[in-house]
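Okay, so chain A shows up in both of these, paired with chain B first and chain C after.
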Partner chain A sequence: STHNIHTNTPKTMMQHQHQHHAGHPNYESQLKPGEVGTGTTIMAIPFDGGVVLGADSRVSTGVYVANRVCDKIAQLHDNIWCLRSGSASDCQALTDYVKHYLSQHAIDVGRPPMVKTAAYLMKRLVYENKDKLLAGVIVGGWDPVEKGSVYNVPLGGACLKMPVAIGGSGSPFIYGLVDSEMAKGPKDKAEALALVKKAVSHAMSRDGSSGGIIRTVVVTSTGNEYEYTSGSDLPYGP
Partner chain B sequence: MGLYPTPLSSLLLLLFLQTFLTPVVMSNSRTTRPITTGTSVLGLKYRDGVMLAADTLCSYGSLAKYKDARRLVSIGDASSNCLIGGGGEFSDFQFIVELLQKNALEDRMSGEPTESSAKAVWSYLRAVMYQRRNKMNPLWNDILVAGYDKDEEKAFLGTVDKIGTAFEDDVLATGFGSYLCLPILREKWRADLEEGEARALLEDCLRVLFYRDCRALNRVQIAKATADGVLVSEPYEIETSWDSAAFVSTKGGLEGDGGW
Partner chain C sequence: QQSIKHNKQYKMASSGSGYDLNPSTFSPDGRIFQVEYASKAVDNAGTALGIQCSDGIVVCVEKPKPTAISKMLVQHSMTSKRVHPVSQHCGLAFTGLASDARQLVNRAKEEAANYKDTYGSEIPPKILADRMSAYVHYFTLHGSLRPFGATTLIAGYDVDLKEHALYMVEPSGVAYQYHGCAAGKGRQSCKTELEKVLLSSQTSLESTTVSVTSQEAVKQLARMIQLLQEDSNNKDVELEMGWVCAESGWNFARVGTTIVDEALVWAKADIEAAEEEDDDEDDENDMEE
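== the complex of A and B ==
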């Protein structure tokens, strides 16, 4: 793929800053008219033995909820998953590409791919096309080398390995909650799952673009445990 | 032992200030866009009178900031017969409520106490909204006015929007409700709806709004105006359903089509 060294023109940068609300990009005004977005809350926490991934289920076009029970957790490989936020179409396209490249790569090297490879592939695609895409992704999974790991790939195409990753339009509302909970110490599987559900519930309660049910996947060396928490059984809210 | 202000004395003080101490400086600002907003309001006439419904959320952009905002208000005292419900900019709605309550108070305190009917309030509001529209400084609201006229023994339900459009009907809705709920209300409406049926119908519509409007909440209020007066309920939560088989199944697996 060609190296795209095009950076945002001053005009685009000015627009971008003008839209800044509390210091984070305003997803809604960056979507094209009629484009379906996932105002979203997504979250992933690695624990000893795997990773917990969680997301809300609201897909919106403007202020209309196009899908109230969508599945934002996509499987990239057997033990590697990603969480999607931003433009629905951009995320679907990215996921399809990364799935394809990862499956090729697994055949080439004769072993399951590592999570950081998946994250790097996602990062390459987002970074090289940064002016055309609106996608914030979290890649998480389990591999035998790094065990459970989580990578945040935000809008511009950075790639950061993190002890906990949150993303989407609902994430600013839960930075305080997540910071204070994580400061209490490392989490095991049950604690990580409870924290994901609690934090996503809080974000859904305050973010108009997040809502519905909470879908969670717990990824371990032995497999994936899928769960959904109904909108009437949320730990907090709505 | 101090002299504490009562609601009545506060209102009288406000009247005094507005009449005799009008500020000299005119503001140079006008409403260009709404900041703190309420979403839909629903209204329908039923056998005993008329009902309004709204949720209790005021959003700040996409932030669900105020979850106990009262968007259904009765004008005048308990025996009065006028309800208003407002969507749009909440500060402008509060301004309208103060204005109508001030008028109602002045009517009652005059030498010959009178009470405006809901229809009169609706007509007055139309004039107010249209005047503001002409000055390019609208009150950024969609208002429903409801009441029961004891003399004519008839319910009234009307709407006024931010540019002064006004009309009456048996069922009305503002905002998202006009797209999602009016079809439901029109399909199910009958002139002889019982109170329980009317309330259930409104709750169904509020549930749809909670599912499909990003700016809606499942905490709601219902208000009614009948021959016995007006009543605004306290906020309560409505039940929601998320358990259909189609919802539970996942779509993100490797074998899937990549859809959501």
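== the complex of A and C ==
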């Protein structure tokens, strides 16, 4: 069964309301002093045949860039990946738990688990421990039932299946860009990959907590293509 | 002394004396008598049947008419049902000790709800069968507990794989997947009848073209139960059926009483017609001499 620390109390709900500013979480004040945060830009788009996931690579403690080439993409199962934002430690702990439960579940059902299942497990953990965690996660991947799909699991522990998901401190800056690009129509693999690189580049140029290189994974039924785009090759920026 | 007296009631080949007091004891020849006795409780109860059709699963249980037990019992009450849905796409039919089986039904409902909460999907019948067999098995190795005296038939539909499946969990805790299965009093003759129905237009049970449809199966199962009644001359029996099939929108549902009654009418007529044919054949044979 899932790791359950405390259920949400009225007191903690009030604290959350106080800390949120204009609907966007204030990452800097919610991290504990000295805690490593992944002020981040993460993005995932499903396309016909799979999913593209992308993330920047900056990890900051205050104004110090602790790691400029961090890997924020974690593998939950063969064809299921997740993107991390918020507290680095919280995200790593969540990823480890979900990986563990998912691998056991795959043995139980005797077939590759669904992205939906991974997203639900993630959601359950985030929601049940919402007062202790600061983690915004995007789960994406390919499974034989739903094909390519993407789920956004933001701070409070909602689980939202979406045609495109963005997250992290850099995401507010690119909502307009992503919306207008997506309105142009459905994407194929190349277009989705190009859009992820473009949008994340734009966010990296405007968000101080995002930067470095862009790491991408293209997940299809046949496998995963894991690459990075170096800072000099970014489509936009600095 | 108590166990010797107990064993004299059974015409069993080997005596359980001393090794049958609780399930945590093996006999010298490797048997757990309490589990076998639990199966006996099922063997003496009403017949339960299940069949895998081309377009779904149908399960059926015969039970004594409430009026045969007491005139004060309410007919068709939920409390006397032997077929229960446990999740949207899975259901249980049971036979044996009804009170034991009720607990199994409750457990199955919990497992299904818990699975949905954790994994976000409806529980696949295979997983439900695994969970139920583990639960039943647990009661076969404690000194302070006794095994369940009930067998459950699990009929379910896996929404993600889009496959229907039938499982049977016995008091020992084994659970197998079946094309057709039977438990209870009439299981021997029903197993033969089930094979006849399933093999009626295919060479082997493993062939992919199962010909029997759910609609047809309802009638066939009614016929099998009716045959048992004719053999035993027991008229105080009624049928309960459940199915998960294309017809029911792949939700597990109890088969409506109208459909069951029509199936029984058909079954009686079919049996009579078959008997007349046999009589005609006998007459022909006599005339030849």
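Everything that follows uses one rule, which is that the second predicted complex is superposed on the first by the 215 of 238 C-alpha atoms of A that agree within 3 Å, B and C clash if a C-alpha of one lies under 4 Å from a C-alpha of the other, contacts with A are read in each partner's own complex, and residues count from 1 in each chain.
The rule we apply is simple: contacts are C-beta pairs under 8 Å (C-beta built on N, C-alpha and C of every residue); 3 or more make two chains touch, one makes a residue touch a chain.
Bear in mind that the values here come from a model prediction, so they are computed numbers and not experimental data.
When both complexes are overlaid on chain A, the residue A:V145 reaches chain C alone and has no touch with chain B.
Of the two partner chains placed around the shared chain by superposition, neither chain B nor chain C is touched by A:V126.
Of the two partner chains, chain C is the only one that A:K116 touches; chain B does not reach it.
Judged by the number of chain A residues each one touches, B leads among chain B and chain C.
Legend: residue contacts after superposition of the two complexes on their common chain; A:C70 is shown touching chain B, with no touch to chain C.
In the superposition on chain A, contact is made by A:P238 with chain B only, not with chain C. Of the two partner chains placed around the shared chain by superposition, chain C is the only one that A:H105 touches, whereas chain B remains out of contact. Shared-chain residue A:D207: touches chain B; no touch with chain C. Look at A:L193: by the touch rule set out above, it reaches neither chain B nor chain C. The contact sets of chain A with chain B and with chain C never meet. Residues of chain C touching chain A in their complex: 117-121, 124, 126-127, 130, 160-161.
Touching chain A in their complex are the following residues of chain B: 59, 61-65, 176, 211-215, 217-218, 239-243, 246-248, 250-254, 256, 258-260. Within the complex formed with chain C, the residues of chain A that make contact are 1-2, 105, 108-111, 114, 116-117, 119-121, 123-124, 145, 159. Interface residues of chain A facing chain B in the complex, by the touch rule stated above, are 21, 28, 39, 58-60, 62-65, 67-75, 77-78, 81, 88, 92, 95-96, 99, 169, 173, 205-209, 211-213, 215, 226, 228, 230-232, 238.
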